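Residue numbering begins at 1 within each chain, and the chains themselves are lettered A, B and C in the order written.
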Amino acid sequence: MSESTVRDKVLFGLAGFAAILLTWNLHTIFLVMPDELNQGAIWRIFFFHVPAALLGLTGFGLGMIFSLTYLFTNNLRYDAIAESIIEVALVFAAVNLVTGSIWARIIWGIWWAWDARLTSMLVCWLIFAGYLMLRRAIDEPTQRARLSAVVSIFGAVDVVIVWKSIEWWRTQHPAPVLSIRNGGGMDPGMESTMYWNLLALFCFAVVLVMVRMRQARISQEIDSLRRLAHSY
Amino acid sequence: MPGFLRAALAIAAKDLRSELRTKEVLNASLAFSVTILLLFSFAFDPSSEELQQIGGGLLWMVFAFAGALTLNRSFARETQNDCLDALIASPASSSALYFGKALANFALLMAIEVFCLLVFGLFYNARLAAQFGTIILVIALGTWALTVIGTMFSALTVNLRLRELMLPTLVYPLMIPALMAAMTLTTDLLAGTPINNENRIWLRVLLAFDVIFTALATFFVDTVLVG
Amino acid sequence: MSSSEPSAALVVDRVSKYYGHYPALRNVRFEVEPGSSVALLGRNGAGKTTLLKIVAGLSKASEGSVKIQGADVRQEATRRKIGVLGHGISLYEELSAAENLTFFARLYGYPDPAKRADAWLERVGLERVRDGLVREFSRGMRQRLAVARAFLHEPEVLLFDEPFTALDDRAIAVLQSLLAEAHAEGRTIVMSTHQLREALELATHVVLIRRGQLAFAGERTSQMLEDTGWLYRNYGDN
């Protein structure tokens, strides 16, 4: 069908673009840029740490919005989109957590710090991992979509509360914050690389979501066929 | 409005009557909580300063785990004999059904927790008397948070085959902000520190959590139960 | 609302129910006049229970609507008018017969729920064991109590899902007499069942569901009663 071949073309095109951009960025990050003054080599991890956070949080937010959309429209397509986006967001959130942890270990000597961003991301990750676990536990697609939508809404609200709480707390108890600006400002040259990497990872994320969605669609078809077969 | 309250109170009364007659949940929760508290008092020296610092955290860990036992049972008790269908088909709205169960759960949890608090005071030589009222207030707010989330997800997981596993998996991460607030406040209060400018923020967090999630749950429980 | 013609007791309007993309019910539509007694028939898995659940407001249709006496079933006033009896007895094991009925009477808004409960305990012959826990009841006693619970708020529309399944003789007698009485009082009954004979005796109309679709909806004829397989042969799967 022509629709799917267009989709495939977009998919491969985007994947190719992402791969090229990512390779270029890696080249820039590792070979062109100098070591940072205070942090040494490890500061380069921020080129992945920060985009991963942005993509993760955006993904969870979008997932929540598509979940709400499903509840209003009862169209399972939105549920499939929400699931795919949230799954990919979980991967990026995990990258964010791990890179943050590595950075903290190298710079501060601790594996973990209770700063607002890391903690919120961890809570977010746990909640949406629960979302996925819930989905695995429900066979019937409509029930699965409905219940996990409610979980994602509760989860998104909760993350906002966590974020705000720790922010307020930290205004009274300042502690070092995981930030590239710790060294004191970021060079304009560095910022542009950050945005290029964000673009590359974003394309990569979109590719992953598209692949996941195709899998979700096929899975739904199989489920319907199975029910049909069993009804005889 | 009176209809809502009447239905909710009838359901709360029914749940409490059922539980007080069988005492399944009460016995299990109390036994569990007291055992954990005793075990910890063996593991740590009760009079040490360090214990004063983790006291609040310990108490809330116990409350949260014991709470899960109670909350799981909340909607699960309706699946036997298809009682849930009769309740949903009745004039009681899903919100009234939810609220009634939340009230009953709150009462049960508070009873268990106050008992635990006294046990804790006994074995850990904690100074409870000075700020007892405030401590109870904080416990009540934190327990309401646990109740609201736990009852909601009890409704959500009621028909799932992995219910006992899914309920804690979903509830505990969501409870993190409320538990952080409750633990910090309780630790401070047990150490003799009153609510001051430093920790008042956590009181606000608890209140916000309670209000926001009570509203959310009341709104979404019908979607969860009926679809 | 202010229509001069009598509103049908139950209107099922193009109801579909999807599990994922699989249609458990497809475009089912029929009307039930007030006072009729409908036997809802169909093979296992045809969709009878799914349909009844939607009509009772226990589940939402994916498409279409259900109206009971002109109003949506999820409205409070409407739910006061329906009585539901499913596979389970919908009673609490650890409470007594009286406590169970009092609780439901309270839910249905009766100012004196205990009195209502007692009246119905008598009707089904359980007044002597009113304080006995349901856990200790025999199967027949539980079924009679379940029937009492379904009838106690005098519902105008009765929705029963296979009510005769595994009832003992006394319970069947009680149920049949209550159904006949309800029918005589002009109440509407929709009953899904496998027990063809009992159902067809009481029924004024028949609705047959076949693979999620409406296969037949019409009056119950004496031919159906004499030859209980007739309906399935002509409209069913074989």
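Note that a residue touches a chain if its C-beta (ideal position, glycine included) is under 8 Å from a C-beta of that chain, and two chains touch if they have at least 3 such contacts.
Every value quoted in this text rests on a predicted model; they were computed, and no experiment measured them.
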**Most centrally placed chain, judged by C-alpha centres** = B
**Request:** Considering only mean CA positions as chain centres, point out the chain farthest from chain B.
**Result:** C
**Request:** Find the geometric centre of each of chain A and chain B from their Cα atoms only, then give the gap between the two centres in Å, rounded to an integer.
**Result:** 32
**Prompt:** Which whole number of Å gives the spacing of the CA centres of chain A and chain C?
**Reply:** 49
**Prompt:** In angstrom, rounded to a whole number, how far apart do the mean CA points of chain B and chain C lie?
**Reply:** 38
**Message:** Please output the residue numbers of chain B that touch at least 2 other chains, ranges allowed.
**Reply:** 227
**Prompt:** Multi-chain contacts in chain A: which residues touch at least two other chains?
**Reply:** 142
**Item:** In the complex, chain A residues that touch chain C
**Value:** 74, 76, 140-142, 220-221, 223-224, 227-228, 231
**List of chain B residues in touch with chain A within their complex** = 149, 152, 156, 159-162, 165-166, 169-170, 172-174, 176-177, 180-181, 198, 201-202, 205, 208-209, 212-213, 216, 220, 223-224, 227
**Item:** chain A-facing residues of chain C, complex
**Value:** 18-22, 45, 62, 211
**Request:** Could you please specify the touching residues of chain C with respect to chain B in the complex?
**Result:** 56-60, 74, 76-77, 79-80, 82, 84, 86-95, 99, 103-104, 106-109, 149
**Message:** Give the list of chain A residues in touch with chain B in this complex.
**Reply:** 71, 123, 126-127, 130, 133-134, 137-138, 142-143, 146-147, 150-151, 153-155, 157-158, 161-162, 164-165, 168-169, 172
